[in-house]
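Each structure below appears as structure tokens.
In what follows, subunit A forms one complex with subunit B and a second complex with subunit C.
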Partner chain A sequence: MAECHPVGFQWVMEAKARGAKVIHVDPRFTRTSALADVHVPLRAGSDIAFLGGIINHVLQNEKYFRDYVVAYTNAPMILREDFRDTEDLDGVFSGLDPDNRRYDNASWQYEGMEVQAASGERDLEYDKRTTGGGSETEAARGEAHGSGGADIGEGEPERDDTLTHPRCVFQVLKRHYARYTPEAVEQICGVPQDLFRQVCELVTDNSGRERTTAFAYAVGWTQHTVGVQYIRAASVLQSLLGNMGRPGGGILALRGHASIQGSTDIPTLFNLLPGYIPMPHAHKGEGLDEFVQGEAARKGYWGNMRTYLVSLLKAYWGDAATAENDFCFDYLPRLTGSHSAYETAMAQLEGVCKGYFVFGENPAVGNANAKLMRLGMANLDWMVVRDFSLIETATWWKDGPEIETGEMRTEDIGTEVFFLPAAAHTEKDGSFTNTQRMLQWHHKAVEPPGQARSDLWFTYHLGRIIREKLAGSTDPMDAPVLDVTWDYPLKGELAEPDAESVLAEINGRAADGSPLSSYEQLQADGSTACGCWIYCGVYADGVNQSARRRPGTEQNWVAGEWAWAWPANRRILYNRASADPDGKPWSERKALVWWDADEGKWVGHDVPDFKPTKAPDYEPPPDATAAEALSGTDPFIMQADGKAWLYVPSGLTDGPLPTHYEPQDSPFDNLLYPQQRNPVRQLLARHPDNRYQPSGTEPGSDVFPYVATTYRLTEHHTAGGMSRWLPYLAELQPEFFCEISPELAAERGLEHTGWATIVSARGVVEARVLVTDRMAPLTVQGRTLHQVGLPYHWGPNGYSTGDAANELLHLSLDPNTHIQEAKAFAVDIRPGRRPRGPASVRLVREYRARAGIDENTGTEP
Partner chain B sequence: MGVRTWIDSWPVYRQLTGTDPLGRGAAAKSGRSERLTPRVASADHVVKSVCPYCAVGCGQNVYVEDGKVTQIEGDPDSPISRGRLCPKGSASLQLTTGDAREHEVLYRRPYGTEWERLDLDTAMDMIADRVVAARRAGWQWEVDEARTRRTLGIASLGGATLDNEENYLIKKLFTALGAIQIENQARV
Partner chain C sequence: MTDSGSGDGLRARPDGGHGNQLYGPQHDVAGAAGYPDSPPRMGFFTDTSVCIGCKACEVACKEWNAVPEDGLLLTGMSYDNTQGLGADTWRHVAFIEQRKPLGGQEPGVSHEDVDVFDAAGRLGTGSAPAGQISPLAPDGRTELRWLMSSDVCKHCTHAACLDVCPTGALFRTEFGTVVVQEDICNGCGYCVPACPYGVIDQRKDDGRVWKCTLCYDRLGVGQEPACAKACPTDSIQFGPLDELRERAEDRVARLRAAGVADARLYGEDPTDGVGGDGAFFLLLDEPEVYGLPPDPVVTTRDLPDMWRHAALAAASLAALAVTSFVRSAGRGRR
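And now, the complex of A and B:
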């Protein structure tokens, strides 16, 4: 955090100055470790074993916050009799279909619940139609619950508040984690038992009624074949300890781009519509009603999905969207499986996808298996790159690695490339959503230079020109483009669309055109229009709330009048859980919001994340639905049962409980189960440049004996597009390097400041060698493991140059999110520079041959 | 320069007679540094902004003089950052005004070996033509007898470095065009 979010880290230091203990768990010793009380180096890719070990410690030693767990989590819920855990099935859950690499989650449900017929029938229908495609797995449906909301069906689950029923979630959890002992943690993670116990004690001593513990993570947790389950493991732990919805608690995602949260909320993502409404899948005869019936939860705020969706369709298609035509629901294009960035690259290789827009991203070096990305681009008819400088994604046809190796010749590449210079943040109005879900407006200071334009300008005018070209068309294909509302006021000589008018559309309007102030005002009858329901209120009273800048020094510690956070300017999500079931704070020193019986409403330091007048003793009538069906003690209002989920009955593709599996490429066998890898991880097409490696005790595994991990440095940003062209930053970090221990340097004859060549089954890169004690060797399963650290900012262009670490990566993805496993893989490292020209390709082929790699290696479920 | 001013300009004299006997501050200050002013002092106005790098969202003050950005500093008012910026945020003046930024449209024709110049309006018109054609070529009304109403001909990547309003228009336009392969850095 001190490396990659240094200014945010000042608050960790403030906490430390007030007595907090800081624990840093990372394979490397970094600036964060230097300032932490405890640094725990562990093997990259073993965090679920580590977190599972802490969960086991909490359960075995009864360190959980019992009152919180019984009232606010699903610990008492009783599971169906036919559920089988990894304990029963050698490391997999019931419902596994190994041939199609997917789970049927019917047996994971609570006892007493019936999955809604429409949903079941629909997916059944879908499966029949897609020949082994595995819709649930490949469609990122799990990620569609970025704001909670997986449906759990009809009925009330059976529960046992004594937590003793053998099939209750609590007892299942206890059995599941019993094998995650300190000894197992030591063997799998390489963390000595004393150090591990110290962490357990620090965390549990600092959790409960009077104290809270927070977890912060970044892509070191998400970029795995089990990435979502990493976060889930932290969720289980934090829910057991009562650390959710309370000040100083939580699980904090430290996101890495200025508006990566915003581009998830208002998604430029294939599987989502704004506000985490799922993109519809292709189903015969499915209209708006069937879609909502299939997707919406019965209880909680996702019970209002129709309201959110109809309001979005009204924002998109205005007067053309009517009750008679299902509000143009048919205008939405339909998915048939996954269409993620990596499948798009495959579609380019197959010649299906012909045109490509790239906005401020650098996939030619920034995506996993960068070579496949470039090969995909070389097969396009045309592409448009919008950026500040000539990044590798703009110039690969001229000077990319394949030109150097002779695999491609510029004269043979038919791709037409448009490079359009982009405006900087100082040259346009707009809002970023930061990692705390806070929208902050930045104001235009100057006009963009030359032909540089904002992406708002580009997108608006591209749409305008396309609409002009299609004007008068009666082809039904063109109706959605011609009917879309596209009339934003233009400003200045450049005809820049008014960004605030777009924000107003996102916020939403009432029937009379006045701005809405809360998503509670949205209607399902088409009388309201709202571009993103969770952002409703950001333009309340016609005022740009995201531009509020009351100095922090003039406010309380919540600073609620600086900018605006979704939803409803609440700064801590699910903060009803900061009070006990009766509505009183669990403790005075951790008070955040509470029930004021005299006033008959929730009050406190933050905006309550709860219906303001719903009393703690409120019990919903039996026929209530959506938000009305939440009781006064259901703090997790986006969840279909209002509870924090220790166990996930629905919404995940790869299991209801986090389970340790080895990474796709690992030098080690899975010590806990015979099942080596996540059985439903997503493997992309068997391309010759995307080979996987043998693992553990398989023959050939020893060809790649070292664990590698990629990461960022303070002085650069992502794939370098915004940092490698800056003289100051290039001087601070002038070239690509790898970090290795003195022991590994001795083992492989590597010299500090000399060169190393690093090889995987996909590619080869060279890097300067940094020999440092910061990369400590670990003892894993009785032998010494060396890890190789690879910052991934580079490519051949700019002032600071080097090979791209992403050349080494495979495409084996988390099945929920389609995120690649960049944080734990296996490599070989040797002294000297990499070969040039065709010899470079030959070297990788030789390695594959030595390891006995073919198209089937590493692909078993 | 009067005698008095001349004597006062002598650092040792100031050190012996003034408030800075150790000669570390006022006594050691030269005439030149006395006359220096920060470049932000002459700014015509200050524009409130947000750092474009990571998602912490540090506040920035953008100083503008004669229609140009002259300096970018941390905004002390921000309860998030309290005026601090990291090395990247501190370098954002170079990001926005540096000479490595391209200001003109560049075009590489199919099988071409070099960049060419292209007028922005021409480029926009050419791109629009290509979108219309690729969209039509990749159109699918149905897949396996289920209605899809979509195109696989065009794709878009990127958004995490963009504004919410920009992401909103991209998703809206591409969805209306029937394109589904819309992705950004959140996936990688």
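And now, the complex of A and C:
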């Protein structure tokens, strides 16, 4: 966190000054480790084993917060009789279809009830929940499941508050993690047992009624074939320990850019609409009613999905959206499969995707298997790159690595590349949404130089020009573009759209045009318009609430008048859980919100994340739906059952409980199960430049004996577009380097500040060598493991240059999020610089041949 | 040069300690420099125990002061590719990798449960408890800690650079800081060997000397220096020197009470060889480990003596000359 989020780390230092203990778990010793109380080096890719070990410690030693677990989690829920755990099926769950690499999750449900997820793959349930109708593109719906299963949400799930029923979640959890012993953790992660126990004790001693523990993570957890399950493992742990919805608790996703949280709230993702409403799939005959029936939950706030969606459609299409035309629901695009960044690159290779907009990204060096990204771009008709500098994504066609190796010739490439200079955040108005869901407004300080323009300017004027060109068209295909509301006031000489007017549209308006102040005001009848229901209130009273800057010294410790956080300016989500079932704080020390019986409402330091007047003893009538169907003791109000999920009955494609699988490429066998890898990980096209490697005891695995991991340095930003061109930053970390231990240096004859060549089955790079004690050799499964650290900031362009670590990576993705496994893979390292030209391609081929790699290697389920 | 000179500083001065002295404690540097109603002396307290090595200070300094980038060089010295202070580096973050326990560095320094007076009473006795948390070393390896420290011009109470400057380009500001005026400096370079810390340096392409100004232009309008403003963990603290010294004493006492026996202040002592630094540090190891001289002494300390000796020598020579003239005159008369 100190390494990649130094500004946020000031609050860790603040906590430390107040007595907090900081534990840092990371393969390498970073600037965070330097300030931590304990640093735990572990093998990259083994975190579920590590977290599972802590879960097992908590369960075996009864360290969980029992009252919290019984009242607020799904621990008491009883599972269906036909559910089979990894304990029963050698490392996979019931419902696996190995040929199509997917799960049918029907058997994962609670006994007697089907539950819809609050997020994730909600379309999984579509066929079951509607009368079906079939999908337009069955094959592309990789996650589609068989028909049948329970009808939607009738009845209550069976529960056992004694937590002793053999099929209750708690007992299933206990059995599932029983094999995650300290001995197993030591063997798999390379973490000595004493050190592991020390971590367990620190976490459990600092959790419970009086104390809370927080987890912070970044892409070290997400970029794995089991990335979502890493986070889930932390969720299980935090729910067992009672660390959710309480001050000082939670799981904090540290974001890689200033507004990555904002880019999922108002998404740049293919499968979401604003406010986490799922993008509709291409089902035949699916109207608004069918969509809501298929996707929405019966209980909880997602029961209001129709309200949120209709308000969004009104914001998009204004007067054109009427009850008669389903509020233009048919105007929304439909998913025909997964269209993530990597599938887009595959579609480029196949010639399906012809055009490409790249805003503030540098896939030619920043994406996994950078070579495939460049090959994809070489197959386009046109692409538009908007950035500060001529990044590699804008110039690969004339000076990329494939030009040097002779694999591509500039004259053969038909892609027309447009480069448009972009304005920096200091040159435009706008908001950043941080990991606390807090929107902070920034004001333009200077005009953008030359032809540089903001993304808002570009998008608005592009839309304006397209609409002018389409004017008068009667083609129904053009109607969504012609009917869209596109009427933002323009400012200044550059005709910059007013960013606050966009914020006001996102906030939403009542029928009379006045700004809304809460999503509770939204209506399903089309009388309200709201661009993102969770942001409703950010422009309450016509005031930009995100621009508030009242100092912390002038308000209470929650500091609710600094900027604005969604939803409803709550600073801690699910904070009903900070009070016990009766509505009293679990402890005075950790009091946040509580029930005031005299006033008949929830009060406290933060805005209560609960219906303000719903008493703790409220029991919903049997016919209640949506938020009304949650009881007074259901704090997790977005969940269909109001509970924290230790076990996920619906919404994940790869299992209801986090399970340790080895990374796609690993020098080790899976010690816990015969199942080596995540059986439903997402493998992309069997392209010759995307070969996977043999693992564990498979022949050829020893050709790539070292674990590698990519990461960032404080001095640079992601793929370097914002830092490598800046002399003041470039001079601080001037070259691509790899970090290795003195022991590995001795083993491979690598010299400090000399050159190393690093090879995988995909590519070869060279890097300067930094020999450091900060990379510790680990003892894993009885043998010494060396790890190679690779910062991924470099590429051939800019002021500070170097090879791109992402040349080494494969495309094997997390099946839920389609995120690459950049944080754990296997390589070889040798002294000296890499070969140049065609010889570098030959070297990789030689390695593949030596390891016996073909198109099937590593593709077993 | 190793004499800390605390005794020497008490030597009686004809001006009662408020004149143009070159050595020893000086409580009113601005006043001594001729400012009648100067604001309090301002300075830096750099607490390296909370430095995270982000180098924001280096970048903010260069941005604000338009200091040029000075070359891309991978040094191999941990994450330090800056190497040291110079004409084009006014803040420098050192990175030191040590085979020493990490856990003792700062295990839970709580505001509530530390008896500062008790801790202060045990200072230097080595009886402070070791941190309870200590990571286990992997096979065959000792434990590791990574020290980071942001170095800067010390703005000495007795600044030899200023004393030797023949043009008046170097001057003492009303805030007690030492600043070079770039339009006056003629590049003679006398100040470079005069600095006991090796801070001030000539820029190769123009020959003039450059160093930290403690952001004199920002101080004048009530803003803190750029490095302190950018520091995310308050490792660099800016303020009146008296307050900073109090804060630093408190901090070092807390750290020692928490088991960090090696915590110490550097440059805070008005009786040291430079009369105390305007920019001082909390270190976690010997100064040499950070590349700092252990007992810096203002290089002009002996200047009065030298002048006295020189004057004596000159007088002797003159006397000798006169004597010989008298003698020769006498001879002539003979």
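The definition used in the following text is that the second predicted complex is superposed on the first by the 821 of 861 C-alpha atoms of A that agree within 3 Å, B and C clash if a C-alpha of one lies under 4 Å from a C-alpha of the other, contacts with A are read in each partner's own complex, and residues count from 1 in each chain.
Quick note on the criterion: a residue touches a chain if its C-beta (ideal position, glycine included) is under 8 Å from a C-beta of that chain, and two chains touch if they have at least 3 such contacts.
The model shown is predicted, which means the values in this text are computed figures rather than measured ones.
Enquirer: Please tell me, clash or fit, for subunit B and subunit C sharing subunit A in the overlay.
Expert: clash
Enquirer: Now for A:V7: first (subunit B), second (subunit C), both, or neither, which partner does it touch?
Expert: both
Enquirer: For the overlaid complexes, name the partner, subunit B or subunit C, with more touching residues on subunit A.
Expert: Higher number of touched subunit A residues: B.
Enquirer: Under the stated touch criterion, which partner chain does A:S650 make contact with: subunit B (first), subunit C (second), both, or neither?
Expert: After superposition on chain A, A:S650 lies in contact with neither partner.
Enquirer: For A:A36 in the superposed arrangement: first (subunit B), second (subunit C), both or neither?
Expert: second
Enquirer: A:L729 contacts which: subunit B (first), subunit C (second), both, neither?
Expert: Both subunit B and subunit C are touched by A:L729.
Enquirer: Report for A:A17: first if it touches subunit B alone, second if subunit C alone, otherwise both or neither.
Expert: Second partner only.
Enquirer: Name the contact category of A:E715: first (subunit B only), second (subunit C only), both, or neither.
Expert: both
Enquirer: In the superposed model, only one of 62-70, 116-124, 134-142 or 170-178 in subunit C has C-alpha atoms clashing with subunit B. Which one?
Expert: 170-178
Enquirer: With the touch criterion stated at the top, can you tell me which subunit A residues are shared between the subunit B interface and the subunit C interface?
Expert: After superposing on chain A, subunit A residues 6-7, 10, 714-715, 727-729, 732, 799 contact both subunit B and subunit C.
Enquirer: What residues on subunit C touch subunit A, complex-wise?
Expert: 50, 52-56, 58-59, 62-63, 69-76, 78-79, 81-82, 97, 99, 102-103, 105-113, 131, 133, 135-136, 138-139, 141, 144-148, 232-234
Enquirer: What residues of subunit B sit close enough to touch subunit A in their complex?
Expert: Those residues of subunit B that touch subunit A are 47-60, 62, 64, 67-69, 72, 76-82, 84-91, 94-96, 98, 100-111, 113-115, 118, 120, 123-132, 134, 136-139, 141, 143-173, 175-188.
Enquirer: Which of the residues in subunit A come into contact with subunit C in the complex?
Expert: By the definition above, subunit A touches subunit C via 2, 6-7, 9-10, 13, 16-21, 29, 31-41, 192, 194-195, 198, 202, 713-715, 727-735, 737, 752-753, 768, 770, 772-774, 776-779, 799-800.
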